[in-house]
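Labels run A, B, C and D following the written order; every chain starts at residue 1.
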């Protein structure tokens, strides 16, 4: 039984880790921290967990965390990078759901996150936890940087095209949309029901923090620097990310449907839909899955890929557990076979 | 392994049975019928099931159904009552999620459903599948009439008060609200997003078909005829029922919080919340659970009970599986320990 | 041209006053205050107002406000009661949308609002601004206490029954539901999209601040103290209140449909629906209107009234303008004939 | 007073015409047709109209329609093209909100709409009713083809760039999203609350009927054939279209913010937002307005334009009335100055 600790358990990725791990036969949450809610029962804050956990939040203490087999950071950025060095020293494995170790270049990180990185010495050792690209390295990792939610959907949608060199890597476009849970559980006016539940908007058009992360990941795959125009949007719903990706063919396309099916044939959590059907966020709601479709409209030169995930599952907590399974030699699907909640 | 057949698999209770049974270690769906979609793969209609089922819809045939250990009817009313006699003859157990066998009096049934009952000879044998009241009889039943969604929430909320004779059984009031999935998957203008997704209304105020069902169940418990004013409402969301129940005390209340906690202490799927907290539909979303709170506002004479369920789970498919577990001697919670999807 | 000042213009009742007054031929907003946003253009905060107003928020200053013909307080409670004395001294008329002057008994007010009233000397002079009951007094008022949103819908629904003495005034029940905009524009976790946009719950069951206000108003009409059990609920949508009201007949009902139609025949903003149809929140969205239906289910003794308003219009800013029209001798419907936004 | 007839008044563009025309001082709806609802009062079907109209639906009869000053077709495609010839003969002006006369080439129309055009002889005379491009021709038109909802937002967003020849006209991309009301009031499973209210998806990726319309309009402006990749999406809400447009600079951009502001400076219904702010669908809800922002992310070569409209107003009924105003020499803003309903 893997003994799991969770730092920052009061946010949505925290409660989602708890929901998913409740169904995991080989892992047990033994510790969950929150400075703000220390002492409060977890199921008092999240009544959906009543009967499933007998835990209360505690203050984060390195000793107790180091005693776990693995520690998940379900925190905003700027937390993990301060605690990870101590845990690495104690040889406790860490799966960081935040952005702290996603970007290898500390200067680039600083530029987008507005402060120096607190533990740049671990950036090289951190493995970017996108199993469909990095599975082998994940198995041996001590420190996993889980991909962001948008980056997961964008990369899984573009990787097959870039690996084959089929498209112009300098003119990639991602028009993505996320449910509001992606913004976290902080009290902000912009995310109130009355502000965001009956509207749609782009935001961060001039520059979003997920841009350098996506470009780094795609550049690795393309083996050359790529340029992406990334426009995120806010959807009037809770869960789900949908990415609509546009790429310019620079070689004859061949059978791109077959290409995608072949690329992901062995992937348990990437599902290429039959030609002519398109993914919806609701068909992956609550499930650790990415559904993808690829189209060449009007048989012209612009390939369109649409990809959906649940931002809290394949975009965060589910993918984190997928990484844990790989790290600990478990079947990759352990605890992650939930069927999407439809309707 | 219990071999399960499902009649009418294209509606929401059908796909929900499939979702839940995918996680049930002791049951396997071997057959699913639909006249309209015969030949179509189940996961083509419901892409959330891709990878979980390798089934196509078939025409309903008694022989094939009779070969199952249990048949669920996930149909509108007026279907099961025509097929059940043949299945009873073949000694196939039936769990009917529709209204056909819920009301024992065939005349009363006819009055509310607008046609004669097609197999009234089975009304007496049918057991009303509310485990918290009828567990013993369910274990031996050949034919289960699963409670309606509203009736489940209203009865679980009022049973403790009526069993103790604490309240006036002639002036009960239920103000209930349901998500739109309760109206099924039929194409109706009233249930379009543009009609119902940003509005709230009462309907069926003059008389709703769940009224006689609830009054029958409560009268059994009260051991006298009860009178209920039942007003259902349509919520601008998909899943969830919330019932707000009002009853007039006719005896000193004593500690009604303790009464509710005691009544449901051994029930795995009824959760009495701590005093001062109130159930939400979202904390039971996707879970086979009823959460209940009881209050005596201003210490006056009107008791208020609020109760929530997911109408498709504890209000339909989950409760149906709970009945199956009891009928087949399995642990009652088998396959039903999903955590509610929050947020 | 009536010169209007608005105190507290950054909340939802503030922006709604601006929306409605933009269409009012005889009133002009000359001043709008906000401590937090002083200096910011109104249409920067609320881009729907671009092109309609050329105003910036200013600090609240009594002199400037006193220079207006009428000042609306679109503030939380506990603001108006500190500023009104100075405005009354300057003979500036005030229409307070907050709760400060709604309850005549200062001790009762203190008990529910948790602090002493700051200007109890004006409680008697304040006129409760429910035109359908108090029209004559409103015309002469210097200070209007606009009814709360729930209280408007509950009172309009019960007044005809209580005026005629038809129902038991000691066992009234209101099961009401409100869109989230009723909770204001403050950043609170409970009102985030991810918390409240796909759920339904009761709250404040043990006691809500609108209870004493409603009981006071209904007692005036019934000419005796009434007792109400009031349970508010939070709807997963932005605008709209729906009240479902239950009353026990204590006299033969007669034709209650005709009673309601007669009572409101001359009211421009109360619309009694034809028998057998029920109001929806969406048919009054954005309109200054209360739609009402009355039913006697199963011809028993419990009358059910359902009533809908837009909480920001007839439940707040629209009603405030209706009061202004009466106070200034304008046609009561001036600027208030917007058609509800459907779909 | 302009005497208005409406053909097909039971859909959403029909009720929206009624809502808007109720506030129009110079126009009066004298006739509204529906085969299915003939004889039924308009305000019985749409209770938001109670008190605003005293009309019932009638069968469509050419004589009665010809007696109007102008007839709006608020019908699906394939209706107007059969009736318009008779109305043209009688010199009744027609504003067609459907697609029948939007595409000048009858073969292209047939290819996308799957049937021959019934009155191709009027295609040349029909004026495409996008006032911001065609104002002069609209003034003299007998027959207006109102733009589709997506096409309005896409064209208004790209016109300034194409007029200046700034961008590559062969690689234009539009990622658009619409509320469900765009799909009309027909009973379709796909548009039920339970299917579409908590999800997001692309559809029609391989080819949507608005593509040839947009390409025709943009080609006119660019004075050369353009190629657009157009991907529409379905939003989980009722009203609103948001288009995210991508274009590749082929010349130095200069000050594109100033370009957009200059282009639309005199347009009453196109609002270019300040740099750094982005339009939301909610800020144009219910208003005849297009809000636009333009950005050059990372100072690279891809221009991003975001544009929002209410699909039922500037995308349909409001724009139709704007056309009417121009045709009849009224101020273009007559009856169209509603403030967007926010929140």
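In the analysis below, a residue touches a chain if its C-beta (ideal position, glycine included) is under 8 Å from a C-beta of that chain, and two chains touch if they have at least 3 such contacts.
None of the values given here were measured: they were computed from a predicted structure.
Set against the C-alpha centre of subunit D, every other chain centre is closer than that of B.
More C-beta pairs in contact connect the chains of A-D than those of the other pair, out of A-D and A-C. One inter-chain figure worth recording: subunit C and subunit D are separated by 36 Å, centre to centre, where each centre is the mean of the chain's CA atoms.
The mean-CA centres of subunit A and subunit D are about 38 angstrom from one another, to the nearest whole unit.
Note: centroid distance subunit A to subunit C, computed from Cα atoms, is 45 Å. In subunit D, the residues touching two or more other chains are 12, 181, 185, 194-195, 198, 236-238, 279-280, 282-283, 285, 343.
Considering their complex, residues 171, 173, 175, 177, 194-195, 198-203, 205-207, 211, 227, 229-231, 233, 235-238, 240, 242, 244, 246, 248, 276, 278-283, 285, 293, 295, 297-298, 300, 302, 304, 306, 308, 343 of subunit A touch subunit D.
Contact residues on subunit D toward subunit B in their complex (touch as defined above): 12, 179-181, 183, 185-189, 191-198, 236-238. The residues of subunit A lying in touch with subunit B in their complex are 12, 15, 18-19, 22-23, 44, 46-52, 181, 185, 198, 238-239, 271, 273-274, 277, 279-280, 282-287, 291, 312, 337-343.
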